[in-house]
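Each of the next two complexes has chain A plus one other chain: chain B in the first, chain C in the second.
Let's turn to the complex of A and B:
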């Protein structure tokens, strides 16, 4: 089980929670588990071609990742970040 | 009768409700503060139902539906999305949900949606689940019709028109791409751009590649189409296929460039446009800083300037394609919202205007709800 930090624009899906927990061996697996628990959340971050949307950043601990295939180890924390997107 | 205006803005959804006289308007909202609301449309078949096109600066696009006139909203279970691309195929992803059109009266719950990049989508459950219209999105000519030209906010598919006589007869428009027609429910499409000028294309007789800003079909005379284009105002009376540039009758110093075009719901010959400056580098503001609505009562053969009550000078707003509408009152009301967050109203078919709200965010759409 991984801790996932949720940015404020996505907390409408997590009933306001800034931290949730999800299972998965990869980033993609964690996002699918999040989608099961919080329907609609994944598509706001990941497009229909399984690409991370332009203003979304995903970190495993302190390292940014660009692929949903990135593997996760037991205690890894996932940070979902909404990057700057204009005024 | 009380009237409601649904106002989609760059920062959320607002609602204006009038008293029976339309003199007093009460503002409600914002709902979805901070969300980019491109279009909010009432279902004329079930007026309690609304569908809204939304996204935020960070997050992907989605749709919301309401079955209680906008008091509560539910996010679509499956928002519009292109099919997964095959290997070697250019991947397409919806960046903006831009346009919403209720389906035919004989198909309750049906809706069409247009997106950027240009895609056509359909829902048959009041906007909760959306599927791609493969006949257009995967048409052999699609890559040429929707070539991916980047207008400032993307390549929009808009102005989906459903023929009230025939659910299978559809029109749509793409900026930039042109107008297209289907007579088989969206399985096949053909360009419908003859007579439309395109001074930005090397071939002035191009079959497609035009820039329609807004296309409307008259509900009582569905063979009558009007189009406000990047290159003028046009009318088409089917079965003809060649558009007639009705904007040539506008004053030369005003021109016939603009975004919206609105027709009288009961008079196919009466139409209103809101010209903008399309000269030199395309300011897209009111010509000379003096906004005016122009009305034709004879299908575009002549035009009358209507500016009573509008700012006389130094008013530089823009009115976008979804931001002008009419109500259904016997003495027709007209409304438009500006990029500077003002809503202007006329309760006498444009003869006089007054500002009924200001200081809203940039307005993207103003639609009437009964």
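Let's turn to the complex of A and C:
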């Protein structure tokens, strides 16, 4: 089970929760598990061609992720980051 | 290099005590020229701190007027300034804070046509804008004209900051190559804790001072995020993208005209004010406009415009064929963010001149129909 930190623009899908938990051996697996628990959330991050949307970045701990196949180890924390526009 | 006068030596005495600044550093600050894009929540603290720190020339770009709703977080302005132009009002406030420096007001909208001229006079840029289009334009201008950029953005209780230095690391487009405006809500749509931009704007001022002085470790290739509710900071490493459209190996953005053109769907979408939509509905009896409500079904059930179709924005790509094409299409949602995203998706799917209700049904309820029940998001 991985801790996933949710950016505020996506918290409407997690009932306001900033941290949720999800299972998966890869980032793709974690996002599918998130989708099961929070329907609609994955589409806000991943497009129809299974690419990470360009205003979303995903990090494992501090490391940037560029592929949904990126593997996860037991204690890895997943950070979902959304571009913000407010100033 | 300008030397410090007696009043300046007293004013900046706490800086002069720092070995990392000292008289030589303070003179560097006095000779520095920093441009702040946006005199808003971020620009206010950044400008106040940079003026107080003795940055010799401070440019402020903002074409907007001070609104009462700005005062909850934009500390450059007081109640008497409501209705005044922001750039000139900020200039007066900053000049009163520090008469030793030069404040240049630029009461203009930054665009592809004037960015080169504006940036030419400054050596460092702080982006405190509140529009994605401006964020990309500022980034691209800084890459093309080789200016360091300290960028920050805020949303509700969350902020992020990064620094770009030409030739030394990734740019903002390396982090977020492209953003659809509707996918990223701004403060007016989502709200913001008033003190939040104070924290991030101070980070920006700190970075600018470090860059001018050449001290410390800037946020190059590091995204700093701040969560005010958890009171937590995180740092993420990211690298330059070889395929970055502006700083990559084969850039497709070679001019600011290319930068603006990089947002192809944006120009295809129209914003409709609530009164404009009301007039259209009244003029046609509601029968010759297709209103598509892109909120979730639960929100739709709580209250919606008569005759509206409900297709949540997440389902739009596979359900766009359900939208009749014989009449103009207007997308609506709660506050205008999702409908803008829907508009861009629809324009991309070939729907001609789709429109979005500006400010969403919240604005509709405030300006046209106070009886409209607008459910919370989700």
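Convention: the second predicted complex is superposed on the first by the 83 of 87 C-alpha atoms of A that agree within 3 Å, B and C clash if a C-alpha of one lies under 4 Å from a C-alpha of the other, contacts with A are read in each partner's own complex, and residues count from 1 in each chain.
We adopt the following convention: a contact is a pair of C-beta atoms (placed from the backbone, for glycine too) under 8 Å apart; a residue touches a chain by one contact, two chains touch by 3 or more.
As the structure is a computational prediction, the values presented were derived from the model and not from experiment.
Partner contacting the larger number of chain A residues, of chain B and chain C: C. Using the contact criterion defined above for the overlaid structures, shared-chain residue A:64 touches chain C, although it does not reach chain B. Once chain A of one complex is fitted onto chain A of the other, the partner contacts of A:79 are limited to chain C, with no touch recorded for chain B. Touch criterion met: A:51 reaches chain B, while chain C stays clear of it. Of the two partner chains placed by superposition, only chain C is touched by A:15; chain B is not.
Counting contacts by the rule stated earlier, residues 7, 9, 40, 43-44, 48, 53, 55, 82-83, 85-86 of chain A appear in both its interface with chain B and its interface with chain C. Within the complex, the chain A residues that touch chain B are 7, 9-10, 39-40, 43-51, 53, 55-56, 82-83, 85-86.
Contact residues of chain B toward chain A in the complex are 56-60, 62, 75, 77, 79, 81-85, 91-94. Listing the residues of chain C that touch chain A in their complex gives 38, 40-43, 127-132, 135, 152-160, 175-181, 183-187, 190, 192, 197, 223, 225, 227, 229-230, 234-239, 296, 312, 314, 317, 377-378.
Those residues of chain A lying in contact with chain C across their complex are 5, 7-9, 12-13, 15, 18, 40, 43-44, 48, 53-55, 57, 59, 62-64, 79, 81-87.
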